[in-house]
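Listed below are the structures to be examined.
Next come two complexes built around chain A: one with chain B, the other with chain C.
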Partner chain A sequence: MPHRHYMTALRLDESEIQTRRSYFELGDDDLARLRTLHGLAEKHTDEFIERFYEHLLRSASTRKFFPDDATIVRVKRAQRQYFLQLFEGRCDREYVQQRVAVGVAHEHVGLAPTWYLGAYRKYLALLQVRLFDDLPAAEAQAAFLSVQKIVFFDMTLALDTYIAAHQETLARHQAALRELSTPVIRVHDGVLLLPLVGAIDSARAQQVMDTVLLRVAEEKAKCIIVDIAGVPVVDTKVADSLVKTTASVRLLGAHTILTGISAQVARTIVHLGVDVSTMHTRARLQEGIELALDLVGKRIAPVRAKRSSGE
Partner chain B sequence: MTIHGVIPILRMGDILLTTVHIELHDAVAEGFQADVLTAIEQRRARGLIVDISGLDVVDSYVARILAETGRMALLMGTQTVLVGMRPEVAATLVRMGYRMEGVYAALDLDEGLALLRRLGRR
Partner chain C sequence: MNVEPDAVESLSRREMPIGSEDDVVVVRRAVRALAQKRGFNAFASAALTTATSELTRNVWVHARKGIAILEEVADGGRIGVRVTFEDEGPGIVDLERALAGGFSTARTMGLGLSGSRRLVDAFRIDSAVGRGTTVEIVKWKEP
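Up next, the complex of A and B:
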């Protein structure tokens, strides 16, 4: 279950719940007060839910999350449950878990905190009017403060979960991207090719070095061509890491050929003060492949011209 | 400021030929270096010949620019040959401790072309 996972990820154990509760000043008296309001809440649930969804459906930003009537019926049912849970006067792990599930669901459908927090504002506004209509002022004031505490308590839980889930989504995408970012291709026996496209930061440079070394060892390659024509900016950091990769590959007994070196990149590497005489570099990939084949004792030769049929 | 296009770069097959006929001041030297590299990038050059027979004096700055350009060209797969260096220039460079690594040297243009041909065959 995803919300179980986030309970652990956010370290929402008993002591954390207690810490949060005391920060929100959500005491047992508040919970008791909420319990006394349960009957009142139940009486107004239907009207409350209707008005709340009227608000959500009025705005284009939130309306798109409710594409059809079936969805609206479903979320209204969930909302009804959520609303009544506020007045159960519980604040235990199970309750927290339910709130965490809300954050997971919001992240899943891509409902940004803007609309989510905005909806909570409406929630509180509707509740306030209702409480002050039905109860004597002093009682209503106390009740509203208790409601406010638990709503804010809920809000932070859902928000923390939303952020955690979002970060995990990003991390997953980054991992996928990392794998895609270093495609090592075998072009010939003992010859590998790594075409690099896009910006290289230090994390990716490290990934490139690791992948290159791993694949060279795996394939028992004699040489690897690293084409950097698709890298927009090669700064000193990137150049330095490429030089280090070259040196490491040499320790494996293989050659690195850098191709796609533009004038700008050539300038950067020379200004770095690298000893270029130990590096194989070529301006174009084609020349790099020719050099690689040369290093493994092969070459590309033209096919002998076919004799014309008349002879 | 960088001044481009002062020193013409000629193309002979897969060899670029350039003759440095004026003193390489800062702006001119930088422009020359950029022009040479751009030419290598745009055309498929195997070799670069820099004729410096017109230079009476090669100071440390010019020597560094020439050596740097040679190393940059080498990174792009192009061999650089300096030709026509005057004896007194050669002596000065060695005395100053310039070894011009990454750059070949030849007596004149003919020798330079022959050297590039030999390097290409290897």
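Up next, the complex of A and C:
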């Protein structure tokens, strides 16, 4: 259950719920007052739902979340229940879990906080009018303040969850990208190739080093070609990680060949004063492969033409 | 230390925050875009972008936060890009040694400052221990 996970991730235990309640000044008297309003809320809920969804369907930004009538019927039913839960006068872990689930759902469908907060504002406006219609002014005022407290309490739960879920989505994507970003390819027996593409930050430099060492050891490789044609900027950070990777690879008894070096990068490396003499370097990947094969005692030779003898 | 003429006119100015390692890429991309817009050749563009990468990373590694000010500048007939890096970090204790190269307090090559200086046309550094560091670089477009 995803909302269970976020209850733990956001540390929403009894003590945290109490802290939040006290900050929102959401007291037991408020919960009691909300319970007395349940009947009134129920009486108007159908009207609220109709006007609430008119509002949501009028705006193109929110309409896209309701692709068909079946969806609308389903969410209206859920929304009705959601609004009525405000007046159950409960604020326990189960209630909090229901609110957390809302944040998870919104992140899942990509409903940004703007539209969630905007929709809640509409509900409060509709409710306020009916409270003042049905109750004496002082009671209506007190009732509205209690509703406001629990609504804000709800919204922060949904938003905290939304943000936490969003961060987890981002972290998952980053992890996936990192996996993709160091594809070590076996070119020939004992010869590996790592084409590097994109910027190399600390985390990636570390990962490049780890992956290279693991694969060189696994494959008992004699040579690894690192092609940097796709690396936009080779600064001392990148150079440092290449030099260190080379040194570690040498401890495993293998050579590192650096290829894909453009004229600009060559000049920049020299101006920076980086010493790359520990690495074999070649301008182009093809030359790197030829050198690698040479180091493992193989070579690429032209095929003897057999056609001439046959015909 | 290279002395830069005072008659440099600023044509545009953009301030960018430095507060994470990702900003190294963000700032240097913005600098590369300026160099490309002004028609720098591939060598000058790579040199300026690489120096920016070094100096932005220095801010991140040593001070954790700071700013980069990107300017298009003109000096008589010349057009160039000036980037100023400002932080309120620990400052550099031995500036001469840091600029000589091969010395690092961060277990790296220690070539960032000296290398950057060789990559650009003008380089000015101002650092006070406990108060921070300002580095200004200019790369001119070759005529």
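Following the convention adopted for this analysis, the second predicted complex is superposed on the first by the 302 of 311 C-alpha atoms of A that agree within 3 Å, B and C clash if a C-alpha of one lies under 4 Å from a C-alpha of the other, contacts with A are read in each partner's own complex, and residues count from 1 in each chain.
Here is the rule we use: a residue touches a chain if its C-beta (ideal position, glycine included) is under 8 Å from a C-beta of that chain, and two chains touch if they have at least 3 such contacts.
Keep in mind that this is a model prediction, so the values were computed, not measured.
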{"item": "Touching partner for A:T236 - first (chain B), second (chain C), both, neither", "value": "second"}
{"item": "Partner chain in contact with A:L272 - chain B first, chain C second, else both or neither", "value": "second"}
{"item": "Touching partner for A:R250 - first (chain B), second (chain C), both, neither", "value": "neither"}
{"item": "First, second, both or neither for A:D201, with chain B first and chain C second", "value": "second"}
{"item": "Chain B versus chain C as contact partner of A:R63, first or second or both or neither", "value": "neither"}
{"item": "Footprint overlap on chain A, comparing chain B with chain C", "value": "263, 265, 267, 271"}
{"item": "Complex interface listing, chain A residues touching chain B", "value": "258, 261-263, 265-267, 269-271, 276-277, 279, 281-284, 287, 291"}
{"item": "Sites on chain A touched by chain C in the complex", "value": "199, 201-202, 232-237, 239-240, 243, 263-265, 267-268, 271-274"}
{"item": "In the complex, chain C residues that touch chain A", "value": "21-22, 24-25, 28, 42-43, 45-47, 49-50, 53-54, 57, 101-102, 108-109, 111-112, 114-116, 118-119"}
{"item": "In the complex with chain A, residue positions of chain B that touch it", "value": "33-34, 37-38, 40-41, 44, 68, 71-78, 101-102"}
